[in-house]
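Look for chain A in each of the two complexes below; its partner is chain B in the first and chain C in the second.
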Partner chain A sequence: MSTKTHDHKQIKTLTKDKPDLQGLIKTSQMSPSVVGKSIVRTDALSKVTGKLAFGADYSQEGFLHGKILRSPYPHAVIKSIDIEKAKNLSGVAAVLTAEDVPGRNGFGAIIPDQPVICGDKVRFVGDGVALVAAETEKIANQALELIKVEYDLLPPVFDPIEALKEDAPKVHEKGNLLSYNKLRKGDAEKGFAQADVIIERTYKVPFLDHAYLEPDICMAIPQVDGTMLVEGPMQAPFTVRRNINAVLGVPINRVQARQISMGGGFGGKEDSPIDLGCRAAVLAHHTRRPVRIALEREEVTLQTCKRHPMTMKIKIGAKKDGSLVAFEGVIYDEQGAYASLGPVIPPAGGSHIHAMIMMSGPYEIPNVKIDAYLCFTNNPYGGAMRGFGAPQVHVAHEQIIDELAEALGTTPFDIRRRNGLREGSATATGQVLDQSVGLHDTLESCAKAFDWEKKYQDTGYVNEEKTKRRGVGIGMGWYRTSIGTNNDACGANVYVHEDGTVLLSTGITEMGQGSFTVLPQICAEELGVRVEDVRVARPDTDAVPESGPTVGSRSTTLMGNAIILAARQVKKSILEMAAEMLMVPLTRLESRDRRIYDRDNPDTVLEFREAAARCMANGKRLIGQGWWAPPAPSLDPETGQGNPYFVYTYSTHMAEVNVDMETGEVEVTDYVAAFDVGKAINPKALEGQIEGGVAMGLGYALTEEVAIENGYIQNLSLRDYLIPTSLDVPDIKPIILEVENKFGPYGAKGIGEMPNLPATPAILNAIANACGGRVRDLPADPEKVYWAIKEAEIPLD
Partner chain B sequence: MSYAFKDFHWANDIRVNEYLLPKTTAEALEMLAEYKGQAQVVSGGTDVIPKLRKRELEVEALVDISRLPGMSDIKQKGDKIILGGLVTHARTVASLLIREKAGVLAEGAARVGSPQIRNMGTVAGNLASGHPAADTSMPLLALNASVTIASTEGERVVDLPQFFQGGNQTAADSRREIITQISFSALGKNQGCCYLRLSKRRALTIAILVLATVVDVDPDEKTIRDAAIAIGPVAPMPFRARDAEEILKGAPVSKEIVERAGDAAYKESTPESSVVWGSDEYKKEMVKVFVRRGLYKALKRAGCPVA
Partner chain C sequence: MKEMEIQFQLNGCDVCVDVPSDTLLVDLLRDTLGLKGTKTGCREGECGACTVLLDDIPVNSCILPAFKVEGRSVTTIEGLTKDDGRLDPIQEAFIQEGAVQCGFCTPGMIMNAKALLGKDPHPEEGKIREAISGVQCRCTGYQKIVQAVKSAGQKMDSTR
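On to the complex of A and B.
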């Protein structure tokens, strides 16, 4: 499963073992003509004109409406369920309880421990205890009200640290500790002995909701041949299929999952389509009719996964000169009621594992000791949300670095410059970074654009009344491309038609992040056609190769490589045909902008489509299939040492804020965010990712929190759950740097999740710099900032 | 806290049987009377529709008064400003008359919800919600406004303090009555006002605190003739800080008197803690800060700044 050899050589060895890893960057002798261009998103027009149909726009004719009866208690035994009255209501097609689930009564992205319909007990407020399908939504709702459930209440547990105590109520039979893992690098004790300054802090982050614009919806449509077709917005159609086939008790090829246009996901639509998909499919299975389940906003908040809350305890030590010598951390990661994506996915997947690997930050520290606990509670369950495990620890490491700098009498800038990862650095897992490490470039260029030196000197009161103070802060970050598990392969089909146009089929989904623009760009570049010649097929498990989930900032890089490999197979046959037609040696041919020509004699030329048509006529290959998996990840389960991810994206953010010293209100007034992305395939789309990510990180810092009282969420609607509005987000200046990734298409690496990670601590650090108080328990809303100022009681100029 | 079925199950349908469109106010009042309390007045719908969806409100019919004639104007009669019952927030913000002679109301209306909500929602509807933190209620309370309420029985005029009855209840029964107009005295020379709002984000959210102040000064004597301070949500309904106002009346304009008013308002306000909107302690501290700031600004605008 894992090896203890984790050095520089391993990546090179892996490269040799996998010849397809080589040469993915330079595919042509010429500079790219499509890649690197800010072409307009392929879905822009249909989205701005409102023509794109989302799930809620689909015809409901012939559909039954599915509804879920939810548990009103966080922890209880189900004594009895009486469904008679509901069944007899006119217009009701089915009322189902646990015994009606035809196959496995459990679903989940990794461990299927969440009942499709709870039979014995409920574990959180919102757990499903019965399903109803009816002719109208209104009747379905009336039927729900007619179901009588008797519960015996069990004592609940709502805190991960409490949950670990011996006498804590057990959420699951096996106990509340879902996973425990550790990381040991060097000798932390010896490291602290060398330290001149040691500080200890605890940071806490709450449950967060994705607040994607489109509420979840799923349609299950039984097919004539017995196949169950499931349609809906989904980030991971293959995981949906894998769950539904088990729940229905049928083989994999009897389930078809098809993604429809998705109004945002941010990781949340990895889990929720499994939930809705299984339940809609079970109802459709029983009624033999199409069933749709559409959630209202409040139901989305209540029922679906959240970003894991964490309590993070850190002790950090440095020498007088500012060099870090030791780091010790404990993570209490709250999984909530069900396992979802939380537990260890060997070797290096899982929320607490990701958090553990990244907890000491993008810094070189010789001695690191981390313990990570993942615990069940009776709260809603944790899942992936833009950075899965990483946003939480960024809040911790970036704040403690600033607090340490202050204790050392150095600056936030200098401590990062001294300790930040460089090429050749070893990470906390002992991974030696041998390529594409642009962290310091981001720090320097961000500082220059932000005018850090001047701004850092120029803090203090900004108004005559002396009520507002300005401050600046840095957030540095890093993030993996890929998911660190052994199932990380992407497959693509490239089909060139006789007129030179192309159908690109992949299992990577579009949720707003731009993959349906960037992937065709890579395909067009490799084939030598225009981007408008490439159409992306909708992800459909019947029609596209297994590509894994659209998560982990993996699409551009991993799928990009698979597309290049697929395109090359077709290109080879087309160029061979062109060589015959032009009577030019194959090695001299170049395919570019719909034309194939002799590099030495550019007037010898034919249209790409002519060669494609000839291939078709002669039965030469026009379909290519490419598969690509990154170098195998490794992580020793005992020491937490290894190479968990094959490449990282790096970033530095700088924020300026004004803090109202009397009310605690914070206004972010200036913002620069710099990234080393390897290669920007579409710079404009990339800037969009950056701006959206910063806004999300700002929400985490200042306003967002799923407020839960004894298991009951108090802010179910977007009226009370506060994501930033356009008035809260400052003008963001993005900086894109390209330090080539030798494993990426054209040198690219992932960017999807990265932008929100450093944003949160950059703002928190700026607040502390402005007002002297520090909020270590998010969000830093006006009240928390106010009390932090009171508590700090530091004399200000 | 106890929870009901509807707290865990939502529907996208709104359960009303009839949607009625009267042509005149009289017809609207007839319709309401006919339903005997089982119909609800709706205009912009920005409060009523969400309440229906959440089943906090259950009625048989909606009586849409948004197209009734003659209630959408803002007029001045003598020193009185009259706001028709259908005047929207957007129209209030855009009105020069309101901006010049009741600036505090324009400032409050400008902070309601979002542009869409301001275009649909009405000031009278905002009042009728009875919400203790409604953005236009505090300015109108500080302006000593009164509302005219019509029913089939006739018309009556209610002053704002009596209009609010706590627990989101008001003197206007929106199942039987219609607010036809709101009136208040135009602010003139030697008067100043100020609206302040504290919230977790900068738009589209319920306020943690809303404050409106109106002061009347004697610029020669540098004294405060009269002061009105309205705050929410620090009581079950929009609240006038009478103790603070008493301290100010007749007092010389000074830093000390403003501080004392802030302290008095702190003492007389009784906000409640909420997991989402913050602790009572914090809100009380903010009352002190806001009363101070609101008075400084209003006094400055009245031409009598604190030295």
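On to the complex of A and C.
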């Protein structure tokens, strides 16, 4: 057992070890001219005119159509496969089985345990057992029907707690426990002994589908030099490349992954392009022809990863005055059939680890004990979905804190105000938060805008018939920027041309979140040009530096810093040239809005492009390459103590709902969401992230669930899987607060995932406040709310 | 499958095409006529990304047999931009209000807004929400889309 302690000193050391992290934020005394402005999205015009091509809009000329034969069983041994008839069908170019995979027959974001084509057994309904490529989709589908597979059924397991039992069917040889981690802070037992009130609850959340509107698609195009080009909407082109090169058995430089426009990802297009990419590449490898695999909606639901379901058991204790003293939690995190992104990635990456680190919420609790199990089952596999491990635990900690407040006789607001993290607080991992902690600012400003005090008093029946009741709820939350692993660096190239325009090359992908607008803003600010002068190159593993995946709310902060470092190299060169041309000392020069001028004598001025052209003519550097990795994460595997992430975003949401006491229907009628984002690089784009995130959190609370019975998904289509419509989402009032992050570009920190986390529990808490019944097993659909009201049997005035 | 001839007006131009009789409108538009602005997200009339106007009424082109448009008028997202590149006020408002994120639902949203504002340039917020409720958006939370439709109506009015 390690006795390592983690105190305030350690985070100071992190800062000291990384001198290059300092001074990143401001380059001049002047206020930014591009950063902080709600500049129109660079891709908006092409999207409103319908001209932007998504994968399905690309020419199909010369392409074969790939299809996947899927297992109809959740767990079975493959006895035999007969592909003869399918092969002989006219128009079929290839029918492939496991032995045809040229290299490693396995892919996966972290552990390559999912077969490209299953050879011995299948582990979920949807596992691929054969691949077909044909001249048309219709022929490919006919060929699938001609393949005969004989299976021997195996007993399946569909519950993570069942899966841990000794006699449970084994999904994988090594057993069903994929990862186990623990967190020990203080002494939970002693903590509970000091508590005046202790409550215990269990919360459950189901599989969730990303339901991005664009179905997955991938194109593999063999190049004349033997390189395999793979194109598709992908959040992690480098991870796609890393898998395909192994599956094809070729060196990494023989695979080129190119990102094309993406119709939504939300984490889901981190995994699925690996799956489709490997399969399309294997078909293209065999046929030597371009192959496209375009999934139908039902195939998307069947085949791609989901948000992990979790069962969360919690015991929490507080003193009479409302201060929290102890927290004990157990997480059963269901990984499903394959490891995907789930397992531990040292020191602090992985679904159950993220969940464990955040489980006790944004509260200071001296004694915390958590055990987190990540288990295989024969269900579809879990992957990243907007908050990877965090949305689940927010549902739990935000509800139990309300239930505890009730037991203590205090209010949801006061218990949060008393226990919420502040600067100097130690988190559950013992990390002392020494900067950019705006949680309480979000609580106070949210309460003010929402008019919490008044609304909290003004609940109860809203109609004369006494059928509907109003309630209000709070959801507080926090989320990391970065992924908590040791592979979290971002690289950027900044290339200034002789006319002063700029090509910005990064591996961060645009999926709708606005990176192709925000990143050029940072680049333009740093160089002193206009945002329209910066063009973003498409992420292409042949052309951009390794940037890691576009996940973990890391793009703006980590890539922003890399861009600043790259831009500074070029700027130095250009300013040196300008100093010569203007005969002004370098230190007095300022670059802003396409002009370089003498700060002491602003009439001495030069066009940015003139200096750039002179650099070009004189062979002076015009290309910069910047790399930035956050302060190294740490997490002791024995104690779960350390500094897993270098900065957090904080948020408070308040929701008002009306609950129909006769039908259990819930309507969200008012909503305020406040965030401490460090710095809003583009406020309007940020609001868009907030509003969309809240809508997603609302779906998690009220309607969404991938309903699975005995391994079979019951709601494969968007008709049955209910995401919120414009009639379900209320007007959302976003509040943006800026508590500077000293490690962030212009003080920024991540925002992509944060907005959906507190939304779900805010609504659940409002429901409980309205009707007295609480739903602890999501979603809180009318039926569950109805029964929660019945079970609560609380006399209502 | 038997081929059939269909004549209709597409974005103001007369069109005459031969297609198999089981062709769906969305495939006629995208594959036969090359108008890729109309998207398909579900192919069962649920997500609304494929919305086009049929005689000014929004329809899901992914479940409408192509022959149904015989003799009628179809408007797609491509038909909203003028020949000289000028945008429809709705398109302009979507840009200005930040109503676009991934952009996949955007053409369908804009076509629904077009139909609504054609009938009623000053819709109440509830009407706007109802009009676009047949199109699913996973990115925006709808708020900026609603705002864009509102402001487009006001702008159309002031230029009328």
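FYI, the second predicted complex is superposed on the first by the 792 of 797 C-alpha atoms of A that agree within 3 Å, B and C clash if a C-alpha of one lies under 4 Å from a C-alpha of the other, contacts with A are read in each partner's own complex, and residues count from 1 in each chain.
The working rule: a residue touches a chain if its C-beta (ideal position, glycine included) is under 8 Å from a C-beta of that chain, and two chains touch if they have at least 3 such contacts.
Because the structure is predicted, anything quoted here is derived from the model rather than measured.
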| item | value |
| --- | --- |
| First (chain B), second (chain C), both or neither touched by A:Gly126 | first |
| Chain B versus chain C as contact partner of A:Asp499, first or second or both or neither | neither |
| First, second, both or neither for A:Glu638, with chain B first and chain C second | neither |
| Partner chain(s) touched by A:Arg719 [first = chain B, second = chain C, both, neither] | both |
| Touching partner for A:Met511 - first (chain B), second (chain C), both, neither | second |
| Which superposed partner A:Leu727 touches (first chain B, second chain C, both, neither) | both |
| Partner with the higher number of touched chain A residues, chain C or chain B | C |
| Partner chain(s) touched by A:Tyr786 [first = chain B, second = chain C, both, neither] | first |
| Touched partner set for A:Glu296, first chain B, second chain C, both or neither | both |
| Contacts of A:Glu84 with chain B and chain C, given as first, second, both or neither | neither |
| Residues of chain A contacting chain B in one complex and chain C in the other | 296-297, 719, 725-727 |
| Residues of chain C defined as touching chain A within the complex | 30, 35-44, 46-47, 49, 76-78, 80-81, 87, 91, 94-96, 98, 100-107, 110, 128-130, 132-133, 135-146 |
| Chain B-facing residues of chain A, complex | 67, 69-72, 125-126, 137-138, 141, 144-145, 294, 296-299, 302, 662-663, 665, 667, 702-703, 707, 709, 712, 714-715, 719-720, 722, 724-728, 781-783, 786-787 |
| Chain A-touching residues of chain B, taken from the complex the two chains share | 1, 3, 5, 7-13, 15, 50, 198, 200-206, 208, 274-276, 278-279, 282, 285-286, 289, 293 |
| Parts of chain A lying in touch with chain C, wherever the complex brings them together | 38, 40-41, 43-54, 56-57, 210-215, 261-264, 266, 296-297, 511-514, 684-685, 687-688, 690-696, 717-719, 723, 725-727, 729, 731-732 |
